[in-house]
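Quick one: the structure is below, questions incoming.
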Amino acid sequence: MVGLSEGEKHFIRGGIAQDLRSDGRKRLQFRSISVETGVIPQANGSARVRLGATDVIASIKAELGKPSILRPDKGKVSIFVDCSPTAAPMFEGRGGEELSNDLSVALQRCLLGGTSGAGAGIDLSSLIIVDGKVCWDLYIDGLVISSDGNLLDALAAAIKVALSNTGIPKVSVLGASSDEQPDVDVSDEEFLQFDTSGVPVIVTLTKVGRHYIVDATSEEESQMSSAISVSVNRRGQICGLTKRGGAGLDPSVVLDMISVANSVSQQLITVLDSEIAAAEASEE
Amino acid sequence: MRDLQPSLNQTQRVRLQSALRQLHSLPSSSSSSPLSSVAVADPIQVNHDDNILKGHGTLDCDGEVVATLCGVVERVNKLVYVRALRARYKPEVGDIIVGRVIEIAPKRWRLEINFSQVAVLMLSSMNLPDGIQRRRTAVDELNMRSIFEENDVICAEVRGFQHDGSLHLQARSQKYGKLERGQLLTVPAYLVKRRKQHFHHLEQYGVDLIIGCNGFIWVGEHVEAGENVGMLVEDQKKTSTAEEESWSFTPLETRKHICRIANAVRLLSALGFTLTVEAIVDTAEASLASNIEINDMLGAEFFVQTAEREVQRRASMVRKKG
Amino acid sequence: MATTPMTYSPSQGAERRQKQQQMRRMSQELDWKRSDGRSFHQCRPACLQTGATNAASGSAYAEFGATKVIVSVFGPRESKKAMMYSDIGRLNCNVSFTTFATPIRGQGSDNKEYSAMLHKALEGAVILESFPKTTVDVFALVLESGGGDLPVIISCASLALADAGIMMYDLVSSVSVSCFGKNIVIDPTAEEEACQDGSLMIACMPARNEVTQLTLTGQWSTAKTNEAMELCMDACSKLASIMRSCLKKSANLSS
């Protein structure tokens, strides 16, 4: 996270105003995305997404657990992001903690819905095995290997691809007794593919001057006055919204940004789906 | 080939591999003797009769000369040393470098120049804004920030090493100084070889290209040497409204050229080719000729095409020599 | 597709203990077959690569069977102001495990014990006088922990240091052995490590024939210790030649 001089900032602002960014992209253009699945063999599902020089890995592990008393018919999902010092020396020890927490909270908000579990991008009721007794606990771990801006979008894309790669083992319930822990038999052979049609992607719009850009590099991010991360699913519904940055925004500007994010996200979903299909085809 | 790794499909990967193999099989233009690469702790062949001088990267271990770096063994008369292939930047007196100010200390600026230590630019090694040669007073010291601030990009020349090992720079000529209106790129330092000219004014594009020996490359709008650019930034601070700022933005045509040159530099550094003005301009011209969008220059197809073009260029050079 | 780790259903504890006891009984016999089909004195195939990350001065990725480690080296960089002036450079090591590295999901924090041991193993090999007043940072990240983690981390870290162009006396390679009753087994996997009677780990510089780090647990007779050490030193020198060929290969690519 190097600082930028006034002259460079002026140049970046000029580029964004003239719709020609430092690497030649237009304002609403993403960097090239490359996707790999199955990078962590011992996890249930995993994916590695490269967005320009930003490199993230998402891994998903499913373990058996007890559902919470408040929501006995839903499974549990927890999202945790770690910025490793291999990305930048300043992430050593507690240095990356603030960034990791920010990212974890933003991802939880966008993918998991409210505290009641309603409206979550991931269908939690598909994770239940025995109501009130046994459910699947999904642990989603994100790892940042290399950081060049726009970590949130890359992590959300990685989680979406990892979920499509995830196989939850088939469980058959034995023993219908009414005691605490019914016996379950976890199959080693059969797997259920996770349903990812409802999983949203996140598009971060960074406001620089009077214009918004998509997929900011770390230099452009240092320039931002404010940024909005919008999570949109395939049906065009907004699943979560996070505002970053200190500057205040006019409400009409916020609505405009949301509609722009909506249209951009449909393109992103299409690109991701084709990448997922290509990755799965190459695996077979 | 480290930073940019575009995702290549199968045919592109095959073409790239064959191009790289051809580049290795071509005899390199520099030395005619075969390269003898060593890794750490490999013994180096020496004739023990002569008194060989053990240079950088070597160590005497029980009478044997052993390498401490991974690289190539070079022999010059009686000196034997190991030259690392992906070496860090090693400053020499007279090098032209581009650096970024990270701190303002009493009577000096500290700059980050991609070296293991920070470099120092003394207030006395810098021309004052009014151009008069005079003794620096305490008022000058207080006004250092008006000349260079934190995070400014500066072009300077290496003056030398002080007795305590720190590196000193000087920026006394008109062509050195603050760089604005452009972008700074970082490439590995071993890709930049020392040449006679490091300042290049590409007239056909109206772009200034400064290739710093430390691997920092500046691509920006052309500025006449000595023009008082400092005034521009001060105006910016006063007029912060968008309209008045927009007239001082770089015009779109020049900006397109700047982006093209910058992408050419990124591409060549990703391929691991030496950065020379000719190579950069060739790549930019090729992209203009094939009508590739500026953004697509970083894509897979142009990546492979550039490698193939380099193969052809080197092959034709070898043919001309032989 | 994904493989199923061992800890799934709640009543796992008993099964796992049974499996371990079975393994112990088997390992006391002389002709015990290892789970991946290797013989007692056969190491896992080593897959090493340099240049894994692009932001670092040097980096390496190592895959030894199920153990995957990535190490990146930053520097030499300016030391923090708080550090006292020193004629020699500083080496700062940090080992961390990812949360998905172990079959049971762990905490993923820094492992201070491994960091200290990595520092001791590398300290003797790096020529600290070559970068005075500056610091070299070594960051190791274990992506998957499949047994024999620390030896793999040490070997991968010394490869990353060589890739970064830091001057070293020699490459450090490291191997560990486990002992099961009378048998000495080299390069144990995680299951074997869990039910071993004792272990010996050596980090050495093969060309100079110096040992930089040595840890031993369990009860060993002198004869067995000698035998284990000879086995380790031999394996270390073979591993060092693999590391050397990996460095030469990447040197050829970049020239």
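As written, the chain order gives the labels A, B and C, with residue 1 at the start of each chain.
What we mean here is this: a contact is a pair of C-beta atoms (placed from the backbone, for glycine too) under 8 Å apart; a residue touches a chain by one contact, two chains touch by 3 or more.
The structure displayed is predicted, hence computed values, not measured ones.
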item: Comparison of B-C and A-B (more C-beta pairs in contact); value: A-B
item: Most distant chain from chain A by Cα centroid; value: B
item: Cα-centroid distance, chain A relative to chain C, in whole angstrom; value: 32
item: Interchain centroid distance [CA atoms averaged], chain B/chain C, Å; value: 37
item: Sites on chain B at which at least two other chains make contact; value: 3
item: Shared-contact residues (touching 2 or more other chains) in chain A; value: 53
item: Chain C residues counted as touching two or more neighbouring chains; value: 54, 77
item: Parts of chain C lying in touch with chain A, wherever the complex brings them together; value: 1-5, 7-11, 53-56, 59, 66, 70-72, 74, 77, 94, 96, 98-100, 103, 105, 108, 110, 137, 139, 141, 143-144
item: Footprint of chain C on chain B - complex, ascending; value: 1-3, 20, 24, 28, 35, 37, 39-42, 57, 59, 61, 66, 68-72, 84-88, 116-118, 165, 272
item: Contact footprint of chain B on chain A as seen in their complex; value: 2-8, 10-15, 17-18, 20-26, 29, 32, 34, 50, 53, 209-210
item: Touching residues on chain B, where the partner in the complex is chain A; value: 3-7, 100, 102, 149-153, 178-184, 220, 229, 233, 236, 242, 245-246, 248-250, 252, 255-256, 259-260, 262-263, 266, 293-295, 297-299
item: Residues of chain A that touch chain C when the two form their complex; value: 38, 40-46, 53, 59, 61, 63-64, 80, 82, 84-89, 92-93, 139, 141, 143, 145-147, 166-167, 169, 181, 183-186, 188, 191
